[in-house]
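My questions will all concern the structure given below.
Chain naming follows the written order as A, B, C, D and E, and within any one chain the residues start at number 1.
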């Protein structure tokens, strides 16, 4: 494949960032917005071309004769060479998942660019302060995210991983005058940084034992009898295999180093993907502008962790312990986030917890995936859910943005009954809710169903668990929906505009995304994205997904979702005391859910009391008073000594002479005693 | 003698000194300072290009542009010069920082002339140090670079300057006391019995005549001697006070260049000449430097004075330099040198910005400031960039340097070293904590002080200064392999042969 | 009876000639012409100094059956001292012109020259009797010079302290010599060296060594034989102080070297090495500790010079040509540095009568050049490159370490650590002059031509002596050649 | 021989004692004379007993006497100088410069 | 073995040296002190005579007894009023003096005794140096001859004269 298009995919956002960042302030607002959007539009087109070429181009570079999809490195240039084998390269890797991401990211990003043209100005059409900066940061983020997904090696991924984190920081803190935004951005960065520390150490360990960063080399020899799935140079493949296949694999504290490495790398993913206990930044990140939440904190960046695990999936397969850990973490997170989402007032937070929960779904899906069961359907399901979730969650966020833009508040208490004022938004939001709840035929149904199938194949316990979470999902989403659009009539305050649907720049993305959410489920993902590239289905048509459904699982989950929706309808459709009564019935539970199980307080305690109070402050004190005190003490002692011996210089000749004489005698005597 | 390009690194500052001496007006002084430092920058960049050309043409001596002119003949002391990639990197760093420092002290008061005289004298020492390969000359230039600090801080500093200046000078000279003993000791073991003793680094290296027993004595002497300047725990306490009191350009030069003298010396003298002892004793210093790295970062978290924060951050970052040097492998050492470059540039940027902010608000207490992004967006953006460089954002220099260090250190065969590498890695999180804490309090949020609303944004000379530094930081961050190759070529395989790697 | 041997002593004879010229001029010049005595002495002494450097004028040789030695190092240490004395003489011109001193200025120059002659003898003597006479000639008239400012109380007190301790110390010294005589039966250094070879462990020899070291240590003001130093330096007129601290000390150092190496060189490994270790550590440390607190500039420099003497001793302990050359070089550099400091002090004292460190606060703003010179002197004394003091310190350490024992490393390390303390107090002066924001009590003034000339010479010396390697190279080659 | 050396040493010690204890500067000088004299005796005795064939000790003594005379003269001159100003010769009054 | 007369003479000399030395430094009258010094010096001269250095004895009497003591007496008369007693010593000071004296005695005495106790118990035979010999030695330039010190000490004396005059004269 020609390298121009891939290079352009990365270069255009970067160029846009530099252009808007350096000269944006001198530009008119509309120009900056248009430029950014146009740039992203170009990228969108180019990415689609690339992805479609990959999936349907039929080039032998991408698809083997037996229909197996291959990994293809489009270009790979050395960026920094550590040792002859440890090289950071910047490259462009095309394989099913990166091609998938090449569709997801530009799509959402473009929608958000477009949407922001409307969102980032007030009712009078005045652009917000820093509008150009906003677009610059969006471009930077798009660049980083694209670089992340096409990374050819784990270090390139880490680099863009960090850049993504930084641009997320900048975007969350976009309203820098607002202290809450500042602290939220700080929190997001530091928490993910902490997770990245694990990622980094994981990379260090992995690279130390394998001597390579390259994904293709790392993942080339997964399990016995399966080698040679990807085309890899013989020598390095052997190297990787040898090290990890040895029965006496290096151990560290009771686990093999590979497990350690993978768990540590997963820790990086936990940070970015907001898995418990590193999830606390994501709800706070909603302080950023809503389009940002849609782009970064719903659709793209937060799935980076999932993507990372998927990327290294063959390696994870070698140590199933690490996969089990992923399942546990994911399942707990999914349940936790769903519980919390039921008790939030801020609609963006509900969506945020919903995101956490859904990403956890993907994680679980990857974790339960085994080649033995349905050719690793969990992997496919996870990526499928990533795709569909990106679409409907972006949709939900953008809807929420539109609502917030109109209402001027994040709380549903300020909304209620908006359905009459904003019909389009209402419809879109409803589609989003149906999709996430997993109602056939919306996108979420298919992907979630397949996840549940994968769970079912793995263990019945996790299947029930995840189904329950799916039910909770449907419940809280519809609770949210009703509380925003129904519950009671909306009161229009005097002197305020009545809420209404927004201009086309904002509405169009909603409609497009809603449309995608409706049909995305029919994408034959099993044919496109599988863990080893081998398609799952022989013949593909529009209804492939439908026909291949595991209907026993699907019907159960559908039933659960519908029941949950009915409960939500009963409780929230009309204003009634039932919710309050429910809350009173389980006060403790409500409190804990409402306060997000007090995680923030715990972190607050750890950072302020332990890190600052018990480590930093004592160290600073120690430095000033002990170390520095010791240095000053030397000076003081010298000075004291100086005063102590001043009596020697008594000013009396006779004393001088006396000292002189005794000195001479001592000199003689001591030397004599010493030498004899 | 004057056909050797390196000698001009000393000649140009000396000419500048002479020029300053006859200057009458402030304009002339600035002209001399800027012209001279531009000339130095140009020279160092030319040197870089030419050096790469020579290397490409196949020159494979450990040092190029070697020249040696007898000075104290009977003692075999020469004015010996020579550079490899590391020295060139350091020369470029120094000249850039001198240039930006000159711009940053555009309005220094009082006695502008004296200020520049001392500043140039200091940089004479710095440049001389980096081009020297003769231990005596090296040491001489080293001390030349130290003493002007006293006056620069004492006269033009702020705060508790008398105390800080004295402490800084005495502690650094204390380090150089150990150093002097170590160097003389090396001299007396520089050649096998019967051969003439020498001060020349390359010859001493080639002779390999320092017995292991003596290495055990001389290595700590030299390492600690240089380590004091490299802010090694527990000899780092001069750094916070010194930097806090120093005027802008001096902080820049000191943190940016002078602290690098420590790391460079540790590598060039202690490790290069005494690898066996380095290998055996590394663990002691690894513990100390490892402590520096984490400890400095933690200390920085709770400081309230901008310069203190940055000084402790320097302790942490420079600790990483020494840490990596002690790992004794090419990658880690490359990382160390890159970290020197990177830290030099970004900390200079930091100090320049802090100076500019201080010059406007007259306080460095972050509790008294806030929302500067609104008041002086240019400076604030630069500060954010510097912060990102410091916490290791890819694309800026800090990242590549730190990563090279971590990767390199983790390649060490010994478990102890790898575990310590992980400890050092932890600093990246703590760094993020204190950097973001400052950025959040200082630049973002509401404006704290009403009076600050009238303050102006950067002037043109401030912009020149900061832009130069930012471009340099970004250049390293974006094209690291260029620098890594430049540096890597120079690690003598013989060191690694000796320690068996 | 070969009286032509006197001709070997060309430097002594030359000096005597200058002395006679000054003496005669002092005696016979009419009263109104008396003002030119200082200039006359300076001119003639300058001519003499220059002649000393002309190659071939002063020949090497031994005279009087090895009682007198004029080898290359001896000749050149004398030349070095001559340079110092010349500077002192020029610096003293203005002081000698004051009302209270004017009447005695002839005597001042005469006594100066005579004491220098005494030092010559001390340096050249290879016989203890000659050495003692030289020592006394070098120290007794100095007492009269210390008492020169008759109107000042301090001057008198200093003179009494000086003469009484000097005589006491010479008694001890001669007691030591008597024991040496008992052991060797001769007072010739070379005979003693042969005789004490077998006496290394004799208590009497150690006692004798201790007494001899005490006697010369008095002149060098080694701790604990130093207590007179501070009081005398403070009390004496500034030119006399500078003469005492620089010339007298330099001469004593070289003489000490000659005595220890040539008379006691054969007992080297055991005895005086350890004594010197103790004395050096004590001298440097105690000198530094006292210097920290001093507020009077002259007293301050007295303690500084005590600790400098400790560093000079390192050259003796080296016991090799490098040590000797380093010692000579150290003395040379020390002459320039210390005389620069005293020159500034003298100039300020003559102009304003201020000698306290507090008076120097803010001096840079009123008298920048003087302050700058003072700073150079302080840096040079502290051993900061590129000033000469750095080189001299470095070389003396290098010379000492050539011994290679662990003990010498420890000793040098202690000495080096002490340089930090010394740097502290030298910087205190710099701080007072440059950093202190107080209003300066010393008004701007223009110092006399002679003072300025002398200071320029000193500054040139401080700046050039180290960097221009010729000086040290010559010294080292010369000493190696004649060792 | 030791029988001559011991009295000389005692004399020297008396001198030391006197120098350290006397207040009057002239008395101190007198004590110094005792010390110098003891040295002279030492030289003579050593010469006479150990090295009878030569005269180094004797000549040293001879010169030492001259030196002692010169020292005494100068010291007395200085003491008198002090006496003129202070009207006494108490050594305890001379301790203005110290520490 | 020495003659009895010699032994008696020795004891007389030794005792007078010791006793008068002690008296010199302990008497409270300064003039007496000078007088006792004179006695000590005479005893020393006697000792020189006994050890066959007649010339030296003569010089001792002439220079010391005749010159120095007279100088002392004059200066004492000049500086103190007759009948002036020095006040009693402070005991601390006396202790210091005793310590110094005894320490010297112990150290030097031990050194001497350890080395010279049993050396040369007998007085060796020696010819008195004649005046001629002394003169020749004083003017000679060879080994063991003292022309140079002789010249040097003349300079010393001259210098002391100049110095003394400078200090002592009124202006």
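Rule of thumb we're sticking to: a residue touches a chain if its C-beta (ideal position, glycine included) is under 8 Å from a C-beta of that chain, and two chains touch if they have at least 3 such contacts.
Worth saying up front: this structure is predicted, and the values here are computed from it rather than measured.
Taking the definition of touch as given, a chain qualifies here only if it contacts chain B and chain E alike; those chains are A, C.
For the pairs B-C and D-E, the larger set of C-beta contacts lies at D-E.
On a Cα centroid basis, the chain most remote from chain C in this structure is A. Comparing each chain's Cα centroid with the centroid of every protein Cα atom identifies chain B as the most central. Compared with chain B, the chain whose C-alpha mean position is the greatest distance off is E. Separation between the centroids of chain B and chain D, computed from CA atoms only, is 64 Å. Note: centroid distance chain A to chain C, computed from Cα atoms, is 77 Å. Rounded to a whole number, the gap between the C-alpha centres of chain A and chain B is 37 angstrom. Between chain A and chain D the centroid-to-centroid distance comes to 96 Å (mean Cα coordinates, whole Å). Shared contact sites, meaning residues of chain E that touch two or more other chains, fall at 93, 96, 100, 104, 107-108, 111-112, 116, 144, 146, 149, 153, 156, 160, 163-165, 167. Residue positions of chain B touching 2 or more other chains, listed in rising order: 170.
Annotation for chain C: residues 129, 133, 136, 140-141, 143-144, 147, 150, 159-161, 164, 168, 172, 175, 179, 182, 203, 206-207, 230-231, 293, 424 touch two or more other chains. Chains that are in contact with each other form these pairs: A-B, A-C, A-D, A-E, B-C, C-D, C-E, D-E.
For chain A in complex with chain B, the touching residues are 78-83, 86, 88, 155, 159-160, 162-163, 166, 169, 173, 176-179, 182-183, 185-186, 189-190, 193-194, 196-197, 200-201, 204-205, 207-208, 611-612, 615-617, 619-620, 623, 627-628, 630-632, 635. Chain C contributes residues 1-3, 5, 16, 63-68, 103-104, 107, 110-111, 114-115, 117-118, 121, 127, 129-130, 133-134, 136-137, 140-141, 143-145, 147-148, 150, 159, 175, 179, 182-183, 188, 202-204, 206-208 to its touches with chain E in the complex.
Listed in rising order, the residues of chain E touching chain C in the complex are 107-108, 110-112, 114-116, 139-149, 152-153, 155-156, 158-160, 162-167, 171. On the chain C side of its complex with chain A, the touching residues are 160-161, 164-165, 168-169, 172, 201, 203, 206-207, 209-211, 213-214, 218, 223-225, 227-228, 230-231, 270-271, 274-275, 278-279, 286, 289-290, 292-293, 421, 424. Against chain D, in their complex, chain A makes its touches with residues 646, 649-654, 657-658, 661.
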